[in-house]
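Structures given as structure tokens follow.
One chain, chain A, links the two complexes that follow: it is found with chain B in the first and with chain C in the second.
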Partner chain A sequence: MNMKAKLFWASAGLLGLFAASVTAIAEQKSELKPAAVLSRARLITQPQYVNTLRGIFGPNVKYPVVLAPMHRVGGLVDVGASAAVVTGGALERFDSAGRTVAKEVLDPSHRDYIMPCRPASEKLPDDACARKFLAPVGRLLFRRALSEKELKAYTEIAHAAIIEVGDFYTGLGGTLSGMLVAPEFLYVTPTTEVVRGENRLTARSRAIRLSMLLWNAYPDSELLTAAENGSLNTDKGLAKQVDRMLASPRLADGVRNFFDDMLVFESFDTLTKDGKIYPAFTTQVTTDAREQTLRTIVAHLVELNGDYRDLFTTRKTFLTNDLAAIYGVAINDPDRWAPYEFPTDSARGGLLTQVSFLALYSHPGRSSPTRRGRAIREIFLCQKVPDPPPNVDFSALERPDPTLKTARDRLNRHSQNPVCAGCHKITDPIGLALENFDGAGAYRTDESGAVIDASGALNDASFKNVKGLEEALHNNPRTPTCLAERMTSYALNRPIEAADQDLLNYVNTKFAANGYRVKELLRVIATDKTFYAVPADNDKPTINKADAETVTLGRKS
Partner chain B sequence: MINVTARTSPRGATEDRGGISRFVKALRIGVCAAAVLAFVGGRAHAETIGLVMTSWHVEGVFTKDGKSECPDGLNPTLEENFKAQFKTKEEQDAIIKKYGSTQWHYRGPNGESDNNSPETVFDPLPHPEPHATASDGFNLDGTQDGRATDKTCKHDKFVNASGEAVDNQFYRVTGCVKSFRPQGTFDGFITNEIPALMVNRWLIEIKGVDDRMNDDHVDVMIAHGLDELVADGNNGFVAGRSQRVDEGSASFIQHTTGRIVNGVFMTDSMPEFRMTGSGLVEVGERRFKDARFKLKLTPNGATGVLAGYGDIPRLWRFYAKTIGLHAIASTVSPPSLYHSIVRNADGYKDPATGQCTAISQVYAVGFVNANIVRQSSSTDVAAAISKGAGAVR
Partner chain C sequence: MSTISRRRILRGMMDGAAVSVTLPFLECFLNGNGDARASGAPLPVRFGTWFWGLGMVSQIFTPKTVGPNYDLPEQISSWKDIKQHVNLYSNLNVVTDGRPPVCHYSGWIAVATGEAPLNGSSYPRESIDVTVADVIGSGTRFRSLQLAGTGSQRSTHSFRSTDAVNPPEVSPTDLYQKIFGPEFHDPNSPNFTPDPGIKMRKSVLSAVIEQSTDFRRTVGSADKQRLEEYFTSVREMEGRLALQLERPAPAPACKIPAAIDKEMPVGIDAELVASRHNIMTDMMVMAVACDQTRVFNMMYSDGTAVTSRKGFPRVHHTITHEEPVDTKLGYQPDSAWFCTRSMESFAHFVGALAKFKEGDGSLLDRSLVFAYSDLSLAQAHSLIGIPMMTAGSAGGRMKTGIHFDGKAGPVTRVGLTVLQAMGVQAGEWGVNSLKTGQAIGEVLV
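Take a look at the complex of A and B:
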């Protein structure tokens, strides 16, 4: 790469912002006027960003993207994306990501198969070739065909940049990086149209909503085509696309990202353990623990099409050598991920006994029945556990009496304070059942020489050990309805509210009837009219009102 | 417990969109296979202890400054011996000019290398030997006082912590050599190379352990391993990782028997024990006659010693290839080491010459627990379920 090209990449952000403005200007001049715009614009999340670009440019391009974190709303970061704003710092990360990806895409190792044409000269502009690249890519990034004005503007930018740097691919890459920071790419804003007196989502917005639900990415070309030719507005056309997308390997991305979000796995980014206490809990274990659970979920729910509730009891999983060391088991091929099934007499079974859950909901140097119990209630049962009062006395836990050998002993002492006892009653009887696993997730039978009592209770279900907890959670009627609630919220991209009860009842009934298969849950939501419904008065952007009205619209019986 | 899992394909997770289905199929087959193997498996109630080697040092007394065990000082270097052998600048320059080397090695009577033909060079400066009497190890010659026998040569015995007479003549050779001492160049390189170089991956599997404290008979396999050591968060190595036996190096898969006494595991004597090793990033083979391990079992691994006789020509081949090749950097003079080995040799006496042909050696070794995996025991199953899993990283 010549010096000009290097300088170009360094300053590509400026070009990017300029290129980004093209869309806005062109849109202002467009004759296409949406009948209405829904109130809620959502910012693209990091998984959506990567999934979308991987769908466009393929899996061999690297996407080392680190976007700004977003707030969790209603138990999901994805829902928080609707309230996210692009601060200066966040824009900087988008800009950096866009430049990195553009450079990768047009790198000699990738461009030969990504580019639909080769320029006449690599040092000179070739507007025809640039258009052949920018038109389909722009359509997929912006979820609509670029107008002729837009395409012309982007081609002119590329032309000027190529002359400036003397390199076709560098100039084109700068233009692509600009498209990657365009608001049209970063934000999804639902649009509506009035057809025969009915206000409805445009087919393009239907496609986006569907794709975000199933693949956690922007639509692919086939789905956009279905939107463009109107077939997505028909029941048959919609069903065809849903079938296709549920059968696609990209469904695994969507399911994986949903559960990564629901399980609060972004916490792994900051998880640390005391190396003196848990020396085997290396950085690699942190990475692998997250991946293990996601692989387990995808295999069980997507490939096996298993009952969601069985995720809390299944002994089948996948391990690496680093994880196997924590689990205390051998794997035959330590170089790779390997399928593994814990023996029937193992204490391991289900997500609760995986290192990810056990380690994430512990302290750096000790387990935490309270954190674990709270996580079970909040994540898997959709129940809110209050935060501890600000003046709580933690001394019984942090500077314990040495005669209190086990966590149960210490929590019993701590809970003698009636201020603490109230909340601990709803967390600790659950979390104490996991005390046979230390703060790193390794199995143990005793703590400080005292045999661990892992009995507990979840509401009315009492149990002697973790197996009982697994069964109790599996059989708890709130377990599947909580997932359905989360999934519905994820689909609608907003928190569930009281007015959504009819919708939830419908989804839950279907979920149960389909044997708690998540693929079927997704199908029910994706083919239901409510999923695409538009509030009657959506020009009045009152979120709660709009949300409440979605359930009044019809659905398939 | 028998674990049967898949040998997997090297594809990455994100690239392997069809892989999960193969995972699932593999899992199904693997489960069936595990059940079958569990049924036909080994001894009931007996435990298997797996260990992977993490440290290797010459055994003996090493105080910080060395003054107590080495009152005669530490070893002179190759340069010092060269300059003592060729006293004038003209002589030194003439040797270097003649043999085209600036490494002072070609100082035999006919220009022989002092490393490749150490028997031809006699260093003028004395090679100090330690005066310490303590060492861990085994009583290899069976005597209490080190007297000469039909098979051994006269030598002084060391005493271990239990008051037993033991043999460790190699400590006499190396105890006052800076490079072999803790933090010395050679010792330091080996410490770093054990995790870094796979040639140092050595596994011990103790099978049929009925009681970790006392068991009068256990079966032992010692073999070369194939998998990495991973540093833990406590300046050690992660215990409990899976380690595959290097089935391709069948001649290094060695079997013996042993016992556990008060938590200390000991092998029976192995007529010949082979292992690979490294030093200063050079690799070679070590062989021990009448080799025995003695290891104190701990919750996370084991520490103890490996002892046995080293046949001098083979022993020298290893050290010439490692420390001798880098004699200047490691501040040793090869002939001094070699002649000290010959002088202190105490085993395998040649009846014709009366000269002992091997020297007793004791190395302090450390291990962490490992799950040792034999590919051959489940090859068919592994092949059957080998599809689908993505690469770890």
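Take a look at the complex of A and C:
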């Protein structure tokens, strides 16, 4: 491990924790009433799993994790986490992931810097050393300090496991992998408390919500400490943490994940093109195209703190050699990602003209103005385009007719069917503006010998070519409000409902006032009390005093 | 599951009247008739599903004759070696009772769950394999195996509810590791030592779960059921780990396949899909023979099959919509090409089970495979006459080699028949117009 990585990790992750003794956690004020709960438990997603463990164990450990996919709800897979169920098959994935990661963490190549101590013998239990590992790890996995009783129990579990297998690290790893399938790690269940008659999220739940939004991971040690000492409940304390988290390199993880989800990029897992028709579109291009867009987004929104709308026009991006072949340009450093700026007269500008979008919303061997138009409406404008009716003859698209050379010709023929015309009117005029890019995303001026007419329209805005589409999407008032809506849904981890309109209005106003900076949008949401509000219809199980004590277990140690 | 102790195996061997010392080791674990283990425990019956998207072209798919020894039109000519094992069910329909007929969705949902979906993003009830696995899936290392020829993590029809889905294996190498990796124990190995690693995992898992009683109280009423499903999955996993600590019952047909270490490329080209499908099928057959699972589900393609063909710019699904009908043939030839490839893969799937000897018969003899598509004619998204097949006799409970004309009855008649053949206590199955109490007597023994 290089020194730089080690230092980063030491400040952000587990190493920093060993300074904070488990018993030093501040007692909560006694005015807190028993905790109630919010309605939905949230299952950890694959990116959250990786981001969280990377935050704890550092970037050098490998996390080859494949979890069961979740259901997309309201345009986001992340929101599906609040309904996801751990079936036998899904648990197998968690189990396998946990064992792989635990083995990696306690592998000789990593354990020396991860473990805070060395066992007296590698063949025997060493409770003191196991405890030193389990206490801070348990706190970060379960997002609360383990009680003395729990810590004792986990140390005993490790003790027995080490005896079972006759190896300290294997036994400790087995215990870690057990904790990685524990419900407390896999599920986040928001808890509430009544303070001076007001029902609110506990500071711990605030911390979790905050870090899931900004870092797409469970809280780090510092954030947990802010929850534990109560400072997160104050405006000042909250603002301090939000500032810190927005300035952290881990913000890129959060932004990256949000856009990967919103852009439906999991489709890249199975995207391929016909090798005969698009020989340059290799598997490497598929991987790089996804990465190119995510890099562009992170650089623009996080590093440059740019206007979200400019993502649809920016000529700045990053390329690899393989991608450059599709773009038909040369880059300076063929061995790695290189920043690249398309010239002002280039048709390329913004996300819509990147290979990721163009290739994803095409056929294996042909472009698709309809798919592209639909994707723009559904992804970037939060509109729903109806599915095609069940019984339609699309074959005019294909019927050999030498006069139908371009996609526009074929779609015009198709739209003569009034049943089809309704929906194609809302997709095709947008998608046709991208016809200068083929199904692999390469630039072209003609199709079957006919010059491509890339004029089009988005609602009332008409344009002559793709530049006009980029501008139209940039200037469309729905573009930023759609993002704000998705982000709010992502933050609350539930679909947006009619009752959220006031909140959305507020968020939109602030987003606009801050020049559509996504970092500011995140700050607005993260510091707004609605984000931490407990719904009036929150179900409150009757909790007696004894239960209340166990619910708050960990804060009383 | 009969987890058989060493003593019991030996006793079983002595009791088996016709056991000869000259028999090879594995054979001696069977009784004289070869239809049961020597202990008297019957060889297990297995259940599988097989799905392909975008139906068929009736003109070249549906046999002219019904009953036994049906003819094989062009699209299913690949069945010539398996026909005697396959029942084909034609002329059975899905009625949605006013629910929207969601393209490429309502049809297979109705076939697999007995109920038409309310919309295109939810499952109304559990899938049929889950119902069967609840009855026969608990005694093996894996409750069920999900496989997909598509390479997509989302290609699965195995679910208990919309948000409780069993994910598929999509890579042959991962599948090999999952089944035959370091944790596999050869059921026929003369030596058995419980793996201390498994022992550790089991005790850690139980202890960790014991610690989580407090956590349960933090869960709201809306999530209680979800958490209960999680705990059910944990208990199942504990049970499976416990099972691995006991000497496995001998599986006479078990052969361990050679390791696969070369990753297959990503892609949906029909040749690649067939090859991925076939490799995974062969490995799955070994997993079944080694009694690692008794329920298996294969997705050859998705409902909106995106299988592609070299040199063709669009995928199967798009072709079904855009290809003109050939006026001479009366159907879409390019679209039909893909359906025919699907049926070849089905023939491979069934053939692989049929060729695998187990005792006096084959694995297929002690299996029931239920195959279905999402529609009949893709161009029209037709829910009329959705093609379905069963293969295998489920240990003698099903007649095979029959073409059954459903006379426009509900598709659920096949599901009900399958459930009854698999020993699920079901007098009727399905919802609203799809509800039926009429199993298909013509194919049940």
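The working rule: the second predicted complex is superposed on the first by the 501 of 557 C-alpha atoms of A that agree within 3 Å, B and C clash if a C-alpha of one lies under 4 Å from a C-alpha of the other, contacts with A are read in each partner's own complex, and residues count from 1 in each chain.
FYI, contacts are C-beta pairs under 8 Å (C-beta built on N, C-alpha and C of every residue); 3 or more make two chains touch, one makes a residue touch a chain.
Remember, predicted model here, so these are calculated numbers, not experimental data.
With chain A as the common reference, chain B sits beside chain C without any clash. Touch criterion met: A:304 reaches chain B, while chain C stays clear of it. In the superposition on chain A, contact of A:320 is made with chain B only, not with chain C. Shared-chain residue A:276: touches chain B and chain C both.
In the superposed model, A:312 makes contact with neither chain B nor chain C. Residue contacts after overlaying the shared chain place A:329 against chain B, while chain C stays out of touching range. Contact with neither chain B nor chain C is seen for A:531 once the two complexes are overlaid on the shared chain.
By the document's definition of touching, of the two partners only chain C reaches A:88; chain B does not.
Set against each other, chain B and chain C differ in how many residues of chain A they touch, and the higher count belongs to C. Once both complexes are placed on a shared chain A, the shortest Cα to Cα gap between chain B and chain C comes to 9 Å. Residue overlap on chain A between the chain B contacts of one complex and the chain C contacts of the other covers 274-276. Partner chain B is touched in their complex by these residues of chain A: 54, 59-60, 249-250, 252, 273-276, 278-282, 284, 287-288, 291, 295, 298-299, 302-304, 316, 318-322, 324-326, 328-341, 343. Every residue of chain A that touches chain C in the complex is listed here, in rising order: 35, 37-41, 66, 68-72, 80, 83-93, 95, 99, 150, 153-154, 156-157, 160-161, 164-166, 170-171, 174-175, 177-179, 181-184, 186-187, 189, 191, 266, 269-270, 272, 274-277, 283, 286, 363-366, 387-388, 390-395, 397-400, 439, 538-539, 541, 543, 547, 550-551, 553. Those residues of chain B whose C-beta lies close enough to touch chain A in the complex are 1, 3-10, 13-15, 17-18, 20-21, 23-24, 26-27, 30-31, 34, 38, 227, 230-234, 236, 238-244, 371-373, 375, 378, 382, 385, 388-393. Here chain C touches chain A in the complex through residues 101-103, 120-121, 142-144, 146, 150-154, 158-167, 196-197, 199-201, 203-205, 207-209, 211-212, 214-223, 226-227, 229-231, 233-234, 236-237, 265-269, 306, 308, 310-315, 318, 321-325, 332, 379-381, going by the rule given at the top.
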